[in-house]
Amino acid sequence: MSAAAPAFLEVSDLRIGFPGRAGDVPVVHGVDFALSAGETLALVGESGSGKSLTALSLIDLLPGGARRLGGRIRIGENQLDTLSSNAIRKIRGGEIAMIFQDPLSALNPAFTVGRQLTDAIRSHHPLSRGAAAKRAEELLDLVGIPSPKARLHSFPHEMSGGQRQRVAIALALASGPKLLIADEPTTALDVTVQAQIMALLARLRQELGLAILLISHNLDLVAEICHRVAVMYAGRIVETNTVEEIFRRPQHPYTRMLLDCIPRLDDRPGPLATIPGEPPLFGKLPSGCPFRPRCPAAHERCLAMPPAFPQEAGQAACWLAA
Amino acid sequence: MNRLVRAFGGPTGLIGGAIVVLVIAMALLAPAISPFDPDAVALDRQLTPPDLLHWFGTDQSGRDILSRVIWGARPSLEIGIGSVLVSILFGLPLGLVAGFNQGSWVEQVIMRTLDAVAAIPTLIWAIAVVGILGVGVSQLGPLAIGNQTKVTILLGLLYIPGLARIIYVATLVEAQADYVAARRLQGVPGWKILFSDVLPNTLSPVIVHATLQIAVGIILEAAISFVGLGVQPPAASWGNMLAASRNFVFSGEWWLSVFPGLFISITVIGFNLMGDGIRDVLDPRRKLTMAPA
Amino acid sequence: MSGFVITRRMLMQVAATLPAAGLLTGFDDTAWAQSSGKTLTLAIPNSPNTLDPINAVLQDPMVINQCIFENLVEYDVDGVLRPQLARALPEISADKLTYTFDLRDDVQFQNGQPMTSEDVKYSFESMLDKKRNAARRVIFEKIARVETDGPHRVHVILSEPYAPWLNFLTKYMGIWPAGSRERYGDDYFKMKPVGIGTGPGIFEEWRPNQSVTLKRNPNYWDKSLPKWERLVVKFVPEDATRTAYLLARQADIIGAPAPRDFASLSKRSGLAGEVRSTFGGWSTLMMNNAKPPFDDINVRRAVNWAIDRQKLAQYAFFGMVDPCTLPAPRQAWWYDAEADGSIGYDPEKAKGFLAQSKHATDAAFEMTLPATPYLLDLKDAAVAIQSQLQAVGIRCTLKMTEPLVALGQAKKGELQALLMNLTSPGEPTYLLGQNFTENQPYSKVSGYAAPEIADLLKQAYAENDQAALKPIYAKILKKIADDCPYAWLGFLNAANLWRGNVTDFRVNQGITMDVRSVGLKA
Amino acid sequence: MLGFFLHRLGFSILAVLMISLILFVLTAAIPESPARIVLGADAPEVQVQQFEHEHGLDRPLLVRYGEWVDRLALHGDFGTSVVTGLGMNEQIAETLPVTLELVIVAFVFAVVLSIALGTASAVFENSWIDHASRIFTVIGVSVPGFWTALILILFFAIRIPIFPPGGITPVSEGLGPHIMSLVLPAFCLGIFYTAVLSRMTRSSLIEVLGQDYIRTARATGLPRSLVLRYALKNAMVPVVTVTSMSFGYMFGWALIIETVFNIAGMSGSLLNAISQRDYATVRAVVFVFTLIFLLANLAADLLNAWLNPRLRTVQA
């Protein structure tokens, strides 16, 4: 990690759990990472790895029942865990914003795009309706929506998928956030549109100096715009490194297998590689290394927990990498 | 026990089911369990407050209110359940045929007609039509139709649109399922697919709707009897017992109005809880079925 | 929010009255109270079908047309005949055919036009006009003609002696200006008879099924009356609700109070009540003698002996009916103890009669009764009768029908039995004639017509003297007791409840309320 | 939007025509001639025929139906009751406002309370307020309003006389007494629908609150109240249909409640007409109720189109 600039976001020992019959069932087991302005970090993992929960916990939007069991989250000057929910609301959308997977369901079907944008803008800035509408128009322009003024009066269902995701991004930018969390922002889109959206995110990062936390299961996509990658498995970060290093020298067997799953143009035709087995269920982790049951390189040592979780680039939570 | 709870969609559903079973048992066993003849007049025992002999007291004719409440369950349930059966008898084929012939004129004719009939406010029409036909026995050709039958059929007819629409929607979904297309490709005739494949899959929402509709029907029966157009005295029904109790509100004979009302309420709560429970089991997505009337 | 403020205030008022209160207290200072000042408000069960006295059917709303229209003579609340628009009771010629009335000369119609003998002559002639088909024409049919004798004297000439006609005037007749029916049309009399009566109240407004309002007639001939500025007659069919109106001061006087509540309410402070026996209200089971099982006299006798009238009066009517076995109430001058005692309650005797009949094993019938109460609710009585008949082996099913419908069917002779309250103008001939002589409105209901009764009635029509009439009636009652065409339960009592500030009100033996001289204390 | 409106309006007009025909046949094709009702059962046949001719009762049913529709549609005139001789328009004008006021008060009460209850229940799902309101809704949909009315009269009008036990005190007697007299009837009429609607609001809102766009709204940092408004507008889509139908249905229950409280509204007109076998009035009253019901449904369609913009384009 480039230690020069102080990180804008710093997460340490973040633990998240669901309430169960016999106390809380932890699903995120102490996650640490940091992110600076203008930087893009990808959290990569299969569904159920805890990457989305980690992201949601940053803006205090954990779904039904889930709650933070411990750890610290610092955003800019603010220590999130010490703030009231009202103060968090100000930070949410103010300092951090988030875009989601399905742009259709992420936009309110009952309100026009303009209304949703101006409401968001006015929730953070004391602007008149007119001024907010002007700002909304600028935002739509910024995210590359043609004839933005007219589009203010459109309803989400009147737009294409790509346009909706652009609107969602505009909505996220409405308050001028410093950190943008993008949770699988392109999964629901056509392949051609996916690239456009990723390009847009890259451009915004540059133009606005945004820090972007990209949540994805798709390493390929990550390679296009990210600086660093953190690979999550079963509620833990198992490996962190720069994109280049991850692709060049994956340390963790899981990372390696993820990379094998990416289809390549230069590949010989043949069946795509898949990762055998299923990720472990919440609360039912195997003893020792959680990846042990699916790991092709597992041996006796793996019955014990790997010695360290990666605190620094290039480390991996694996006996093999230690 | 746990399985029983689950079958009723949770403890409240089970409570509802238990109430319904008890009320139906009470109605069926009325001759055995009612302590007195419900119609036995004993003028010198009139308006006795509840005591050890008459647990719910007696009415203005000295009739035992507990016995009348027990017997009064019969017309309530008969009308409540009977009207739903009538609506299923007509609504089921209509909804199935309309849903299975999506896009054809058959669907249009059936559904538009039902939509129009759905615009008939149930209670007002029930009251008006019974009022017009009269509360006496009506002669329809060779058939003599008593007032209770009249009310049952009438309510049943008025329920048809609601029920048919539910079946229609369920059929639409089923008819578009891949397996139906597959069966068609196999050359299975349409009616056969309709009855052997589609029908069983539409029954869940029907059962839920029917249970909740019975609850509504019991209240409607009471209301119609309350204005004197339903079950005719001296036969006991919860509705006409309430109607008669109105004359004793001022003089303070509370037991005349309290007990029949309580039994209506508990029975209807039973059917509602049971319906909710069954829905949770059979049809968990449709959380919004609710039959107002 | 103002509703909430009021609630609190009222709660405090209620709290203040609570210590003294059991049931039914605390009404005295409540803010929704309505009747005040000079508006007299009545609550009665039935809406009128018309305001035209010659077609009016129901007794209780007649209070309205009796305040609008008046007659030569009237039956007062005690059942005594007294002059109204005439100066005195008529002079009757020796042949009992000519009645001569001297009219008051100070009477004006409500439109200011003075009343003369021409108006009286016109009134009778228009009522008797066959084309008009007045419901009450039948009972005045024996009037041959009316002759004027100067502006203030009329002679009414009968075709045969018929004394009762005077008694029928109050309920079924009125005096209106000459030519008025042609000028305004009959619907005007029916719907909004403004200016055409001589009474103390001028028609103001009719809100269907709700109320009729009359305003004070400033030119009323009795200058001391009326004491009210407005008379509002509300139609409130439910017994309990009428009581509620009285308690909530939404009515000053109510008719037909709920029998069950009457005793306790009339003793309440701030309220008053009275029950009086009437001479004209039959509560009776009308049996169709032409249809089985009542085609056998022994079944009719069995029914008569099976009914426990005392018990019915006490438990089903709560004292609102005076039990009697024949159409003669105990208090009436034509009561005959011997005839009355010849029928009684004895189930064994009833069984005996039934056993002698041809329907000994299959005596069953359908009893029709009014679905909405007329004068007094009969449903509970019907249920009790049903069980009393059951006890002697006569099966009976109950069928509820609207009163007018039931009467219509009964008059066609279609019903087996009808349990009904019938009313008449407080004298015996009217109902007897209508029910038990040929070609009368009710003769098909019973299917029983005894020539002997017709003859006796004819004798009675020719008599004006009670002493002379009594033996005639004794014979009639004897005949009825022998033949048992109906089973009488008793005579209806008239009862009212009123608020303490009502003055000069008395319960009318003629059932219909008389409020012409009633006032209100401030 | 206009297309959608015309489509719904067209359907409503068709429905009115169809229902009115059923209604007319039901009320006009009764075997007993109104002439017999008016003139009495023993009136001579000649007189009956004359009466029928005078009132046009001897013409074919369809002709009479056409005439009835024509007079109603072009002049808004229900005509005069043959039986009572009273104009039906006046009678309706007299009684409808009473019923309308009762229903509207009860409706507003039910809608406001149910949205509040349903929202509280959904927002604080599984809290004590949710449990309490769910118990209330089950009881509310099960206990017949007219029984509640009897019990409330017994306790709050007679034992503790806070409210008048019957009738609506006219406004001329003061606004306070007028409002007091509306409390019990409106409560008894509204409580069932409060339960139905709050239950629907709750489940619909819970569903909506779980939607992605609500997460978005919260992620963009909208204030709680605004998030709730975003959710409610969507949650109301299914509720509105039932709400408006409830408005129509309430008129039916208003009949019963009016009977209990002896309120001189439309119920009196209908029940009296039934007992007098005045079928023309029955027809007029039922038609008015049906029309209100249809209008309420039409209003629901329009309101839904506003709440749910997708409907406007899809169905037009």
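Each chain gets a letter, A, B, C and D, in the order it is written, and its residues are counted from 1.
The rule is simple: a residue touches a chain if its C-beta (ideal position, glycine included) is under 8 Å from a C-beta of that chain, and two chains touch if they have at least 3 such contacts.
To keep track of the chains, here are their UniProt names: B, D = Peptide/nickel transport system permease protein; C = Peptide/nickel transport system substrate-binding protein.
From a predicted model like this one, the values you see are computed outputs, not experimental measurements.
> Computing the C-alpha centre of each chain, which chain sits at the greatest distance from chain A?
C
> By Cα centroids, which chain is closest to the centre of the whole protein?
D
> If you tally the C-beta contacts, which comes out ahead, C-D or B-D?
Comparing C-D with B-D, the pair joined by more C-beta contacts is B-D.
> Rounded to the nearest whole Å, what is the centre-to-centre distance of chain C and chain D, using the mean of the C-alpha atoms as each centre?
The separation of the two C-alpha centroids amounts to 39 Å.
> Using Cα averages as centroids, what's the distance between chain A and chain C in whole Å?
Once rounded, the distance between the two centres reads 90 Å.
> Hey, how far is the Cα centre of chain B from the one of chain D, in Å?
22
> Measuring from the mean C-alpha position of chain B to the mean C-alpha position of chain C, what distance in angstrom results?
Their C-alpha centroids are separated by 44 Å.
> Send over the residues of chain D in touch with two or more other chains.
153, 158, 259
> Among all residues of chain B, which ones touch two or more of the remaining chains?
246, 249-250, 252
> Of all residues in chain B, which touch chain D in the complex?
Counting only chain B, the residues touching chain D are 12, 112-113, 115-117, 119-125, 127-129, 131-132, 215, 219, 222-223, 226-227, 229, 242, 245-246, 249-250, 252, 254, 257-258, 260-261, 264-266, 268-269, 272-273, 287-288, 290, 292-293.
> Quick check on the complex: what are the chain C residues that touch chain D?
Answer in residue numbers: 2-3, 6-7, 10-11, 14, 18, 23-27, 30-32, 34, 47, 49, 133, 135, 187, 190-191, 207-211, 236-238, 241, 244-245, 247-248, 250, 371-372, 402, 404-405, 408-409, 411-412, 441.
> Once bound in the complex, which stretches of chain D touch chain B?
11-12, 14-15, 18-19, 26-27, 30, 138-139, 141-144, 146-147, 150-151, 153-154, 158, 192-193, 196, 199-200, 203-204, 207, 238, 242, 245-246, 248-249, 251-253, 255-256, 259-260, 270-271, 274, 279, 282, 285-286, 289-290, 293-294, 297
> Tell me, which parts of chain D touch chain C in their complex?
36-37, 39-42, 47, 84-86, 90-91, 94-95, 153, 157-162, 164-167, 169, 173-177, 179-181, 183, 259, 261-262, 264, 268-269, 272, 275-277
> In the complex, go through chain C and note every residue touching chain B.
Where chain C meets chain B, its residues are 23-24, 238-240, 243-244, 258, 260-261, 264-265, 311-312, 314-316, 371-372, 377, 379-380, 382-384, 386-388, 398-401.
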